[in-house]
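Quick one: the structure is below, and I'll ask about it shortly.
In this document, chain identifiers A, B, C and D correspond to the written order of the chains, with residue numbering beginning at 1 in each.
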C-alpha cells in the first residue's frame, strides 16, 4: 500500500489540479516509527503553509508504529501557483526526518473503482444505489463479470459491463488468460481499487499479490470462522447462533487478508441455510459498503495483517 | 439428555409434591419423528385431564425430527390425589404411540446448580446477583473451585464454597482424583446442572461424557473461531473487528459441544488484548446468563450437535 | 383487521383454488378470550380433517386475550372437492363456540401490494430488489407517487407507475381529490396492503380510518420519540447517541399506530444531520422490509394499539 | 464544566504532585472558537516542553466550536522541579491567544466519586465490581442513600455508606434539609463527580444547578422518549419493540440534560413490564458504566445541550 520512505504519492492516483476550483481538500496518511514530535512537525508544516487542519486522527500500535491521518483545507495555501509541489516537497522533507511512509490524496482526484461480480446481485445493487445517492466518493468506470447475468443492472445505472468468462475446460491456462484480460482492462481504465462484490472465482496467487491492498473482498462469514466455501452451510452444521460477514483486503492466502469491517446478525434454530443466505445478504452488503466507504475516504491503513480504520 | 422412549422423567430431578400448594405449573418437552397428529394428541391429552396450556412452542428440524415444549397449569386437574401419576402414565402412553422421548418438569422441583470457578469473578458475581434478584429459578447449593480466591464472594451471598485443587505435580492421576472429589460432591448434593463460569481446568473425556448435556460452559470467543486457549490474544493477532462469547454444552471434544447462545461486541484497532478482556467480561456474563436462564426454564433441547432454544 | 366474530375471511383476499396444485398451505389466525381447550379444539379440528400442522405459535396477552397462528398443509384433506368450504365451516363452528375472530389465508392467494412513494428511492429500491429475490411473497401491481421522479426505477423492475400529484394551491379539496384518485386505483386493482415507503404526504383522517391495519408506514425515528416532521434534525438537536426507525400501521393519529418493527443504529457527536439521514436510510429500509415480510407472512396481529408479531 | 476563558483547572480536582513518581500522564481538554493554528500551537507547546503526545482527538462542531483532547506524557519535561506551573502557564498563554476554555487533569489526581442509590442494587453492584476490577479510575469514598437497604453491599466492598433519608411528611423543607446534608457530605469529602445509580429522588432545581455537569444520571428509557416516571410501563403501553437506557448529565430540567451514552435492547410482544424491567437492568448498568468510564477518562465535553464523547 505504501511507497518507499519519502516516496511520492501513489502513481495510480492521478491528481487533479486544485486550480480547477472544485475542491481544495486533501488527506495525508503517514506511518512511521513512534517518535516524539511527529504531530508537532506535521501540524507546524501545514500551518506554516497556510493549510487549515479539519480533522486529525492518530494511533500508536503496540509494536511502536505510529499512524496518522490528517484532513486539511489548502484553499489559503500561501505559496502561489506551484503550491502542490511545495506542499509535497515539504512533506517529503519531514517524512525523511522521521522515517515516514506517506500518501497524499487530493479530493479532486476521485478514485476509480472496478466492481467484479458473478451471478449474485445484492452487493452490486447496493454499491450502485449508494454511489448514485452520493455515499461513495468514486468513479465506477467498469463492472466485470465471469457471467453475463448482471449486465441489465449495470445498464440501468449506466455503467459499462464487461463479460470476461473463464472458458470451461480450459484449466489453469484458461483462468490465467481471463486474469490477463481483467488486468489489461484494469490497466487501460486506470483502476485504483478492485471490489469483489461476491465474485465467485478465486484469483491466482500472482494476481492477488499484484493487487493486494487495493482489492477488497466480502466474505460471508465472521472470519476466521468458516474460511473458504459454503460458510452458511457450515454455520448451519455447527449450529451457531450468529452469522457474520467480513470485508477484507484480498491477499494470496484465501480469506486471510487484513480485515477492514465485520458485522453479525442473530439467527435461531428456525433458520435454514436458505434463511441464513437471505439474512446474510443484508449483512454482506452493509459490511461491504462500510468498508468501501472507509477505504474511499482514505481512512484505512494496514499494520501487518491488521488494519487501522480511522473514523470518516 | 433424554431417557429412552417412553421412559420416566429424569431421575436427577426430584419432583416436589404438587400438594404443597406452591406451584401447579409444569413443562413438558417432547422429541419424536415428525408425524401428523402429535399436537392434537398432546393438546387433547392435557385438555382431557383438565390442564390448561399456557404456552406451546414447536419446531420441526429439516431432518424430520419434531420438538415441542408445552407449559401448562395443572391446578384444575380432575383426577384427584394421584394426579401426577395419572398425568405421567397418560403422557407415557401417547409417547409410546408416537415414538417420543419426553421429559416432564414440575415447577415445584427447582433445579440444583453447581457453579465451578477458578480465579475470575465476573461470571460468578453475575450469576449470584441474578439469582438473588430472582432471575434464575434454581438452587445453588455449592460453588466449587480449584483456587481459594473467590471464597469471600461466595460467603457474601451465603453460598457454600468448596476448594478442590488439583495437587501441583500430581499429573493425570491428580487430576482424576480431583474430578472424583467433584463428582462425589455433585452426587451428594443432587446436582442437576453444572455451570463452568470461567473454570480454567479442562475436564477429562470421561468426566465430560458422564456430564454431557447437563454441563454448560462459557467460552470467550464466537465459536467455532478461536477454540481452545487464549482466544482474545488470537483475535487480536487476527485483527478481527468483533469479539464474541459462546455458551455451549461441554462435551468430550473441547469447545465443540452444542451452542446454546452467542453474542458479539465491536472492537477497533484501538483495543488492546487487555481492552478485549475487559469488554469480553461484559459479553461472557451476559451470554452465560441468557443460556443459563434458557436451560433453567426448560427451553433448550438438543438436536444432534445443534440446539433448539425455545423462547421463555 | 378482523371481521366479525364468526365472519368469513377477508373479502379483500381473493382465494385461489387449491385444485390448481400450486400450493396447499394455509395460515389460520385466531383471536379470542383466553379459555381452556382452544388449542385442543383447533388441533383436533385440523387433525380430524387430515390437515398437517407445520407450525403453531400462540400468545396470551395480559388482558386475557388469546392469539394463535397456525400454519398447516391441506394436501391430504380427506373431504374431497368441496374441501375448503368444509374447512371454513368447521373453523366457523369452533370460532363460534369460543367467541373467536379469525382469518384464513391460503398460500395460493398472494397479497396485492401498492407502494406509495415521493422522491426518496432507497425504500422503493429495497422492496423491489427483495421482491425480485423472492423474499416477499406478494404481487406489486402498482407504484403510486405524488412526484414523477421514481418512474424510471419502477420501469427498470417492470412495475406500473402512476403519478397522482396533489395540485399545488388546490388546498384541502385538492388533497381530497388526490386521495379519491388513489382509492379508486386501489379498489380497481384489488389491493390488500398499502406500503408508505417514505411517502411524504399526510393522508386525511378519513383515508387513514378507511385503510387502518392494512397500511404500513416507515417513520424515521424510534417512536414515540420524534413523532412528526424532521426527526433527524430534532435527534441532532437533542444530542441522542442512537437513531432509529419504526414501521407501524398508519392510523388517523400521526405516527401513533401499532408498532410492527423498530431498530436503531449508533451515532456519535461526529454525525451531522446529513450523516444521520445517510445512516438512517439503511435503517429505514431494513425495518420496513422486516415489517413487510412479517405482515405478508400473516404473522402480525393487532392487540389494541400494540402488535403481536409471531416469528415467520 | 468549564472555568472562565484562561482560568485555572477546576479547583474540585486536587492535583497530586508528579514528584510522587506514580504517574506522569496528563489530559488536556480545550474548547475554543474554530481557528487555524490551534493544533499546531498546542502540539508545538507540548513538544517544546518535552512532553510526548500519546493520543489526540478533536472535533469541530457545526456551530464553529472546536474541541480537543490531548493525552500526553510529561516524564521528560525539561523544565525542572517547577514543571507543572510552567506547563500550566504555557497553556494559559496559548489559551488566552485563542480564546480557549481549558482543563488539565493529571493522572496522579484520581477523581473522587459519590454514588447515590435508593433500593435497586444492580447499578451499584456493577460499579463496585468494575471498580474493584480496575475498570474505573476513581476513588469511591462514599455511597449515599435515602434508604438503608444497600448498606450490606457497600460493606462487602469496604465502601462507607451513609443513610440520609427524607423525613416522611416533612414536605419540601424536609427534602431541602436532606439535600443540605448530602451537599455537606460531598463538600467534606471533596467529591468531584456524583453518580445517580437509580437514585429515586428528584433533586431540587437549586441542587441540580449547583451540580450540573458533574452529576451523571441513568434513566431507564431511550430519551427523549418516556421522560419522567415509569418509562417501562409506558413503553409497554405504547407497544415499542426496543427499550433503552440513557446516561446523561443531570440538569435542573428533568431527564433533559446532555446525553453521554445510550443503548437499547430488543423486546417482543411476549415481554411483560416485569420482563422489561429485568432486561432493562442489564442495559442500565452497561450504559451507566460506559458513560462513567468516559467521564472518568476525561473524554466527555459539553457542547450546549449535546456532548462530545471522545474515544478512550
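In the analysis below, a contact is a pair of C-beta atoms (placed from the backbone, for glycine too) under 8 Å apart; a residue touches a chain by one contact, two chains touch by 3 or more.
Just so we're clear, the structure is a prediction, and the values are computed from it rather than from any experiment.
Q: When every step has to jump to a touching chain, what is the lowest number of steps that links subunit B to subunit C?
A: Step count on the best path from subunit B to subunit C: 1.
Q: Select, from A-D and A-B, the pair of chains that is joined by more C-beta pairs in contact.
A: Greater number of contacting C-beta pairs: A-B.
Q: So what's the Cα centroid distance for subunit A and subunit B, whole Å?
A: Computed value for the inter-centroid distance: 44 Å.
Q: In angstrom, rounded to a whole number, how far apart do the mean CA points of subunit A and subunit D lie?
A: Each chain reduced to its C-alpha mean, subunit A and subunit D end up 38 Å apart.
Q: Listing for subunit D: what residues touch at least two other chains?
A: 268, 270
Q: So what shape is it, when you link every pair of chains that touch: line, ring, star, complete or other?
A: Per interface graph, the chains form a complete graph.
Q: Which residues of subunit D touch subunit C in the complex?
A: Those residues of subunit D that touch subunit C are 59, 61-62, 222-226, 237-242, 244, 258-264, 268-270, 272, 303, 305-309.
Q: Note which residues of subunit B are touching subunit D in the complex, please.
A: Contact set of subunit B toward subunit D: 121-122, 125, 129, 133, 135, 156, 268, 270, 278, 281-282, 286, 311.
Q: In the complex formed with subunit A, which residues of subunit D make contact?
A: Interface residues on subunit D, with respect to subunit A: 36-37, 39-40, 43-44, 46-47, 52-58, 60, 76.
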